[in-house]
């Protein structure tokens, strides 16, 4: 079995190397094949692996890891010198010093370096399937880009390589390994964001670099602390987790959480993810949906048993609840389509981390659902953003008011994508609903925090709905009507990737009643180590003692997408058409979509987010 | 069908000022006021042609209003009735054949009820509306054409001075 | 929130609405309503026609010189100037009755234009006739003189 | 009413000298078709001496460009725009279509 | 079985009942303004009249969404009356609003767009409050199910007075009553999202308004469900309160409304939540 | 990333009684730019008054410029014609003119106030004000014989005399009106939501009002002491009948409301004084002269300064008649006023400013 895991780790790396060598025509087939293979493997693994697997790699690999570590950090140092970036320089030096220190003093027990449980398997699914689609999409997308052949190959190669790293990071157990992979993803983001190599790209890439380096430092801090705490024998996640109950020491977890939240672009560190917009769209799709940012909920989910019901969790929940709200509001203030998506990512990541930190069974299930469904939906939205940019040349939502007439399919896909994120009956919404019910049902434990968070979710949810209307509204605006709506044809690679994702979204929604008890519940129970009873009775799902009328919900809300989609195709006969009312004037008037300006509030958000981060470390250290 | 009865009970009005002196407009407003309270008859001032049954027009229709008037008239769904309030809306009144007016609403759109008066009293407007309701009940969904001016003076030289011939519409 | 209690209080007050058209409303006796012409008193001086700003009065003339008064209530602006200029008290008076609405069949706008045209033509015809008569008379006179 | 006759090219200068917004109130601009020429009249009243109206009058040809006093009296643009339409004269920076349709032929207030 | 039957009947007659409430309200409103006002059956006259108008639509998408607005609202009401999950009800209601909002956006009419914008904003104002009330309900009854209220001995209003106040504050938004009738705002946007509807298609929006009445008063009823006489009194008082408020205030703008709701109704609901939690 | 809405208000819009068209460019419902189009009511009255109507007829036509202050127009025209004729009218006629002018001011102001209330979304207050306004309408009807177009001033005097029972009726009805106005003042001043909608909205500073030559309640609300009644004693004896100027500062919708409300009280006082001090005598001065020369007249209409210029050439027809409406002077200030306000306030601002197009475009 292990070779399958290795192939998940190494095969993408191999392909990434091959891409650079092979000509374009072959690459296309290669990437599609790889995507298929990886998806199949991850599916097979999910189906066949029932127990958690620990993998111990040969001793040699440890040295390799150490070596790559040092090289990588040296490269960061080089970047700092090349771009004269002081902050990156300082952080590189600190990291290098920390890394060397850790390498020299760390006790080297022969422990397992990889630990693969259901959570990792789920992440495999997400990473490989969704990223595979993105890779396929990217073939065509990068082809339309205006750059040298080699750079195009390089781009595809980095994407494949990134997939490999992601596969490793979600299965890393050893913290040193985790650190390396963390830094590798940082590198990947640096390379991809800086891909266009113009001024803004480089600036944003450096920005992403230093922010993520802070995350790296936090991990190093966690390792060092763990080393000096005699109770922790092993520098692994599982080791930390199994020992926390008798030590009650939370600092390493707090630091890991910091690293995770930085990767998840939570508030003061949100700018790196927003800056990532400058890269070609598949990069954004990759970063926002299945990879990179998902490290945040993943790590919090991993450590959630340890921090559950502690002050660390409280602070994380407050922080992420805050971020959920303000990022949603910020999204509303944006007009650039991709920025709207970016803010909604940040916001939803906040929600996921909050639920993960809350740690109750239902909350964890909600978090898992959000991770999966957000990944798929966001991916589709970004790919559509790419199509809109490349085919229709729109960047701002306010310009897109003719999209519904020019590209009805794209418009519909975007509408469904947003709906799946924010509105019923899609997974994203069910996740949100779950979160209200789960936090609500455990209010006696969370008390004030819980109430505040519920308020945040309630308001944030409404703001998100507003966001949805803002975007969809523009897409749906049309003046006349055609008898039959004809979908436009885009490139087959584009279309097929969108179709796959649409299939996943709708399939996921329809399969939810099955997925909930048989997919999410087991994963959640592996995380919480509490068995979750989930039974269906009379259309309601009973999870522990929470009952959710999931079937009525789905049926009820099927109305929405069906109505909206149907509304595009319906054609009333025998009814007269009339012009819109414009006070009797015959002029055309400009209108677009509404937004609130939050420019002024941004520094405030950043400061509050920063305070929360400091508080997080502080609270972690207190105990 | 007996449903037609209900048209009478729920006339929603739309008001357009096609260049009047406001005199009749404020009387229309007065109709909505508690003293006259036309809501007794189920009238609502909707302000939206698409949901109105009765179009109340004041003013002799100036050139610039004309297009707008036709536009909102055409946006009203049939059955609908048009009431012109005031002498100037009915015939042009004192503004008859000034250079910038069309000379009465019926030159532009079909009119069903004319309410004379300058300004027409709210009571007269109510009378007019009552008369209009009778018409509304009989109306069908057929689309009507406006009366064009019957004996329009075609030739410039034909035009007799207004002082000797009141009531002529100058050539356009 | 005084207005709040006023609103509630109003519930128990009598509405200010008058029951028109089921009940009459206040109207002063000297309300400026429809113009009425009394052909018995009229001296057919046409001053009212000349004075009327919108031209709501016009006289047509038959061939025997008898004039007919025409009046359009939808052209009239109820200013009362005709009454003020009339040299014969009572020949034309302003009643206190407001005008009644006109329906489509009455064709109040276009028919008035026709009336006016007709009146003017009849007057022109009468004048021409009179001129002709005068001319013939004159001619006759001339001939007599010549004789 | 005080009448001050001016040559056309002096108008802006003189009004500029005369007009203080805290002392004078700009009323309106009028024009009268005298048959052979058009007389343009600028009216001002006075806050300091209530009841006094000052009229600046200048004769102009129909085709002549009439200087705009909007520079010295910022609120004069409305009056100018209206005159352009109704009198069919040219005033600096004033555009047609304020009260009449842009395709209206001729100028209603002119004698011919 | 018996209660189910009653519920079914109630759901079916809900629009009629709503129409009646609307009729009474118009009468009351007129009386508050010292007018006689329309007959109580006026809404139904309007209903029949609208049915015979020539049908005009801007385009089918728009018209269809309007119909679905009504349907989904009725559905939401049904779930409420049958005592379903409260959160479900809230979201179903949001959904029906969503359809109207999208309908509003789907035309190229400025007022329709503005109306849709404002509808969305009003949803933003009352949605969180309702959710907080739902969570408080959970805290009190231990279930999100509305039917669980019937298990309570004392009326909910005793446990959740502040939540009731919050509900009273957001009701004018839902019912589009002054001072929060910004989504309809005749003088500004002449009806907002419903402006482009006419004839039979407007009928659906018109009757949806009636359903909204039932929906709103049903929410009020939840608070006093267990005691019949109390229920009647509170319902009548609420009705009077809302109408008197409508007739004694001007319309505020959307920013002022959001501010007001976020500083009064939301904290009230939150406080109540805390109170029932701690 | 500007997202602009261009909102059309007019030509047909429920918040407007008159056809005018604004294109309000808004950003998040905040008005950033305004474009006004006013020529909908242009009928060509000025031209008609010099070609179609004899100068005595003109006083009826000129009243039809506007139904709201038809009396102001007819009075101003009559005055200017009398100047051209060199005619001094009897004092009783002057007093009667003041009486109707002030009654008209009451009805006009109350209409405007009710319109502000309606456009602020306060339907009940609209109804209330309209209800109270009916008193002034009835009085006007009793005095002039018509509710709206009074045709009261004619060249040389007034058209009909004041009957003693009508005078008595005026006094009693006004007594009835006074407490209602006090109530209205209270509501306009203290209602929470109305002040949200009116205070600080559509404000114009003293400086701007001065600079842009604003007139009427608009200017007085900004503290600019312009009121023609204060300036002209020669034509109508304003001071004698107890005129006082009403000033507010703030220049916003609320201040304009307050100016109007307080002017109602002043007008009522004037009316009472007029009736009490009404001199005996004829009501018209006859003359056979024809208009000659040029003359101007300023008169305070409810909306501000009204200006008539006339030129006669010794025929029945005038050579030129120019009417300048208050709104006309206020347009520059008006356009300024909108900027920076919420679109939601726009209807209230429009109403409080009271755009009078029928005499702006004539």
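As written, the chain order gives the labels A, B, C, D, E and F, with residue 1 at the start of each chain.
As a convention for this text, a residue touches a chain if its C-beta (ideal position, glycine included) is under 8 Å from a C-beta of that chain, and two chains touch if they have at least 3 such contacts.
Treat the numbers as computed from the prediction; the structure is a model and nothing was measured.
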Greatest separation from chain A - chain, by CA centre: C
Top chain pair, ranked by number of contacting C-beta pairs: A-E
Chain B-chain E separation of Cα centroids, rounded to whole Å: 38
Chain B-chain C separation of Cα centroids, rounded to whole Å: 22
Length of the line joining the C-alpha centres of chain C and chain F, rounded to whole Å: 31
Euclidean distance of C-alpha centroids - chain D vs chain E, Å: 58
Residue list for chain D, restricted to those that touch at least two other chains: 100-101, 108
Where chain B touches two or more other chains at once, by residue number: 16, 34-35, 37, 40, 46-50, 63-64, 68, 72, 75, 93-95, 99-100, 118, 121-122, 162
Of all residues in chain F, the ones touching two or more other chains: 5-8, 11-15, 29, 39, 42, 44, 47, 60-61, 64, 124-125, 127-128, 131, 134, 146, 149, 191-192
Residues of chain F defined as touching chain C within the complex: 53, 56-57, 60-61, 64, 124-125, 131, 134, 138, 141-142, 144-146, 149, 151, 159-160, 166, 183, 186-187, 190-192
Complex contact set, residues of chain E against chain B: 26, 30, 33-39, 42, 45-46, 48-56, 186, 190-191, 195-199, 202
Contacting residues of chain E [partner chain C, same complex]: 28, 30-37, 240, 243-245, 247-249
Of chain F, residues touching chain D in the complex: 38-39, 42, 44, 46-47, 210-213, 215, 225-226, 230-234, 294-296, 298, 305, 307, 309, 311, 319-320, 322, 324, 328-329, 331-333, 361
Sites on chain B touched by chain C in the complex: 34-37, 40, 83, 87, 90-96, 103-104, 106-107, 110-118, 120-124, 126-128, 130-131, 135, 147, 149-151, 160, 162, 164-169
